[in-house]
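As structure tokens, here come the structures.
Note that subunit A is present in both complexes that follow, paired respectively with subunit B and with subunit C.
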Partner chain A sequence: MTSQPILRLRNVVKTFGSFTALPGVNLDIEEGEFFTIVGPSGSGKSTLIRLLVGMDEVTDGEIWLRDRRIDQTPANQRPTCMVFQSLALFPHMSVGQNVEFPLKLRKVPAEERRARALELLDLLRLPQSYYSKRISQCSGGERQRVALARALAFDPEILFFDEPLSALDYRLRKTLEKELKDLHTRTGKTFVYITHSLEEAMVMSDRIAIMNKGHFEQIAVADEIYGRPVNRFVAEFMGEVNLFDVTGTAGGGLAGAGLESHMNGHAETCGVAMAPGASGTLMVRPEYVRFLASSDTADFTLRGILHGEYALGSRIQYEVETPGGQVITVEKLREDRVDRQPGAEVVLGFDGDHVHLIRGQ
Partner chain B sequence: MNTSQTTRIALYVYGVLIIGFLYLPLVSVGFASISKARYLSFPIRHYSTKWYAEALRSDTVSDLLFTSLKVAVIVTLVSMVVAFFGALAFARYQWRFRSLFQKLILLPIFFPQTVLGLALLMWFNSVGVIPSWKTAVVAHLVWIAPIATLIVAIRAYSFDPALEEAARDMGASTVTILREVTLPLLMPGLVSAGLFAFLLSWGNFPLSLFTTGADSTLPEWLYAKMVSGYSPLVPTLGVMSVVGSFALILLAMSIGWLVRSVREARAG
Partner chain C sequence: MERHDRKLGLLSAMPLGLILVLSFLAPLVVVAVFSVMPAKVFTLAHMPDFSAYGVFFERGYYKSLLWSLAMALIATLALFLVCWPLAFGMAKVFGRFTLVLTVAVVMSLFVSENIRLFGWVLTLMKGGLFEGYFRSLTGIGFDSPLYNTGIIIFGLVYVYLPFMLFPLAQGISMVPDDTRQAAADLGASRWQILCQVELPLAAPGIMVGSLLTFVLAAGALAESKILGGQAVIVIADDIETAFTFGQNWPLGAALSMVLIVIIGGLALFGVSRIDLDAIMGRKR
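Moving on to the complex of A and B:
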């Protein structure tokens, strides 16, 4: 990815009356990447994607597609295409007619259109017999594929997705997430995807942008965002997490909220060394927290009462309440199930390699 | 759900009573139309189809039918065009005076038709237009176009605005979107609106009475014949009118069926 970005946003502002949805967004999207924008509802991600495809006009700022400035170009003259949340398949047309629609607009001859449509049905693993089916005869997953085939028939420079999987049931969603990632690899196109689901983003994306209140909190690869969030918002948004308010101690270590540190000087190597008196938030994901037997040791330990045990399928989740009233979440694989009854007093521990320190918060 | 014996009997009785209430008057007119006698009287002693033959021969009748048909067809076509764009303004687009427009357009429907007819007649007079079947077209439209608009608007409400956006996103111009997406999707609503418009215009009496001037539509003539000088042609024309309307509905339905099967054949 040394070439210039395919899409560049420079200080993009969008206001609705007195409400500022996007105060000034900057973003570079690289050629061929799967880029996902994740955010809660009302974060401005839908507003942003509508600006990118040209459904709405920017209030201020610039959008560049390679060397071409496109923010004033109407949607029907942009070489980009979007898969809508509702899919927006034309109910009065057959599957084939839907897929051929963008080709028909370009006056591609009927024979060629048909051949291309059948090719795309193949690519999306739909039987050729679906060519003449009505949209109402297709299942949810098949409609997804038809919508993708239609968007690919357009042959866009960038393919945008506006939460197209959100209406599907869990299993189908999981399957299609993988298919979409696979499709991205096979087509080599630039995909820009928006969703409120962190899981979806993690499964598919090369890079993820976390959006909140109209701006990006963090833009990075999935592992980075999951393991090294820049702030509390990102940490809490990306799944279950345990956060501790900590302050630096005189010895170069840290302490806080019932947490006992036994770092013995290797805080530096783990990247959690703090100046005495400085404040921060220590983060540890539930899968890295262990139940300690009396002989076990760990870099950080804390005591609490086991509250509840919840089966999450392949994993078991435990909740432990500390004397300070904080609830710690612990997750274990089913085979590592802990033999403790609710109400039991337990000691939890985790190591310096698995924590992340968010400074200054 | 299980229906008990008594409920079922009650439902049958209810059904028969309702059907009887709705159709008995029509059936009796039907019988009257095939009576040989010059005056309406029951029971009918001699049956004959001579009044049908008479009706088909009569110049008055063909004039009446032609006037009514002219008015109804023009009202239907104009209503459909007005309803198409009106419904988009009503249901599809957000604009400043939309809520006011929605209320104002419905107002004429609530006007008593006789009052509306009289008001329009006075208005035509004051601007110096001589009432004829053409002014009746205008009068019918004032009342019928809003109804047609409402019917299409219901259809317009139910369609996803993203369909038009998707078409635009794939490169379609405004005209192409209208032709390829909006119009086909609103078509079922437009056809129902057209049917309603035709039937409401064809059977309209109060508006026609005030605004046709020297011309006369079928309902007007039927009324005139009943209040002064009964003619056995009255039930005959009544039946012919009902049969004609029914045929129109069948025609519309079969055209709809034809269009669908052609479309499916082309897709297949």
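Moving on to the complex of A and C:
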């Protein structure tokens, strides 16, 4: 990555009447990265992307594209482009005319336009015969590819995506996620993607920004956000998680309700050492929690009653309720399915290498 | 069961169907047959000789027809230009004000066309509302703008405005907002969006509005009589004269047939080119 970010946001504010959608956003997006903004609905991510492409005006703050300030530039003069949630294809034009639209606006000669459009259909794995098809004759996935081809024909500096996969069925979405990732690699363009789906973000992104109530909770690579969330919101937003309220003990270890610690002093090496009396939240993902046999040991153990077993396809999810009423989620691969009936008393355990401590919460 | 239903449907549509055939088609057939009768007869029991159609060219009636068609064309174009921004506002911008505007425009239809046109005469004539007050205040008079082709076209635009406005607003509401935004995002200027996205996507509305206004304006009579003072004779005027003063029904019928064929052909052509289902709000 180059040293200068391709897109910089400085204190971007957007208000609608008395409602503040974005209280002051700062963001740097690097040249060529696949950057995904994830957030629940109402988090302000759609508002943000509309500001970035120029469909809405910023109330205050600055947006810089390399050395050029673009926050006052109208959408049709910005060198960026967006793939809409609805795709916004032109229904009165053929596939070819849709793809050629931005080229036609630039008065590219017809021959050249056609050649470029066919090239893009190839890139998106659409047969060349689609060139003269009507949009209404294309399936959902094909329309998606046409919208991408049209956006790429524009040759944007940054390509924005506003949840374009959300309307598609699961299988197609999974396929297109990978294709999009692949397309990013092949084109080398900067992709900025917004979605409410964490999975989508994890599959495709170089970096993920978690957005909530108009600000970013955490911006980092997927592994970092998944393994070391900065707060409870991020931890819970990024999929299934078990959280324990813990306090530091006199021995430099930690303790929580129903949670037995057997760290024996290596809390330091696992990064979970706490000052006596300090409070925090201990996080462990369901796939790191084990069912312990009587002879097994673990750094942390807890007891509970097995409540339910749910099949998640390749994995099985268990829910175990502790005496304190907390429900612990455990996930195992199907081949590691445990032979215990609901209602059985079980001992769960997990190790210090697999936990993450969120301090001060 | 389904066949039974269909039979029932046909049966229940029968009475209205018969009334429609009798009241709509029969007069048309009578007019068509009259148009081929010899001049100045009042029954259909004569040998057809098609002489009335010859008169159409010999006596220069085609000039009236051309006047009618030309003025209807100009009025339709003017209406399109006037109504587009208004319809755009109604469909996309005005919000609640759209209802007010709709009611206001529809209310004008409650008053008979002739009375409204006479209102314009009183307003525009020499010594009328405009010129009269202006002269009494400043001492300077001016000629009335009445009694020429321009004022006839103004009258057509004024009277047929609702017939362009509402279909156009309906057409514009069919243009999805995101296609306009996408076009802008892809670099299109306001003008390019209009020409390449809005006009083609609103085409059904444009077609319906244009057909309605053109067809009505081509057969209009009151505007040229009341506002135009017969500065030009329109085809509807000729038809009326033939049936009344002229007492020449075959001539009137022949003139009517020419107008019907031209307008009917145009309407069929226009309707065949657009997706009526789309503008009625049905999924294609």
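Definition applied: the second predicted complex is superposed on the first by the 360 of 361 C-alpha atoms of A that agree within 3 Å, B and C clash if a C-alpha of one lies under 4 Å from a C-alpha of the other, contacts with A are read in each partner's own complex, and residues count from 1 in each chain.
We adopt the following convention: a contact is a pair of C-beta atoms (placed from the backbone, for glycine too) under 8 Å apart; a residue touches a chain by one contact, two chains touch by 3 or more.
Keep in mind it's a predicted model, so treat the numbers as computed, not measured.
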Which term applies to subunit B and subunit C once both are placed on subunit A by superposition, clash or fit? clash
So, does A:P102 touch the first partner subunit B, the second partner subunit C, both, or neither? both
In the superposed arrangement, which partner chain does A:F350 touch: subunit B (first), subunit C (second), both, or neither? neither
Going by the contact rule set out at the top, does A:S132 touch subunit B (first), subunit C (second), both, or neither? first
Now for A:A75: first (subunit B), second (subunit C), both, or neither, which partner does it touch? both
Just checking: does A:F154 make contact with subunit B only, subunit C only, both, or neither of them? Give me first, second, both or neither. both
Which of the two, subunit B or subunit C, is in touch with more residues of subunit A? B
Just subunit B (first), just subunit C (second), both, or neither: which does A:H92 touch? both
Of the partners subunit B and subunit C, which touch A:F84 in the superposed model: first, second, both, neither? both
Would you tell me the residues on subunit A in contact with subunit B in one complex that are also in contact with subunit C in the other? 53-55, 74-77, 81-82, 84, 86, 88, 90-92, 101-102, 105-106, 150, 154
Subunit C contact footprint on subunit A (complex, rising order): 53-55, 74-77, 81-82, 84, 86, 88-92, 101-102, 105-106, 136, 150-151, 154
The answer for subunit A against subunit B in the complex is residues 53-55, 74-78, 80-82, 84-86, 88, 90-94, 96-97, 101-102, 105-106, 132, 134, 150, 154
For the complex, which residues does subunit C have touching subunit A? 176, 178-179, 181-189, 192, 196-197, 200-201, 203, 284
Which part of subunit B faces subunit A closely enough to touch in the complex? 160, 162-163, 165-173, 176, 180-181, 184-185, 263, 267-268
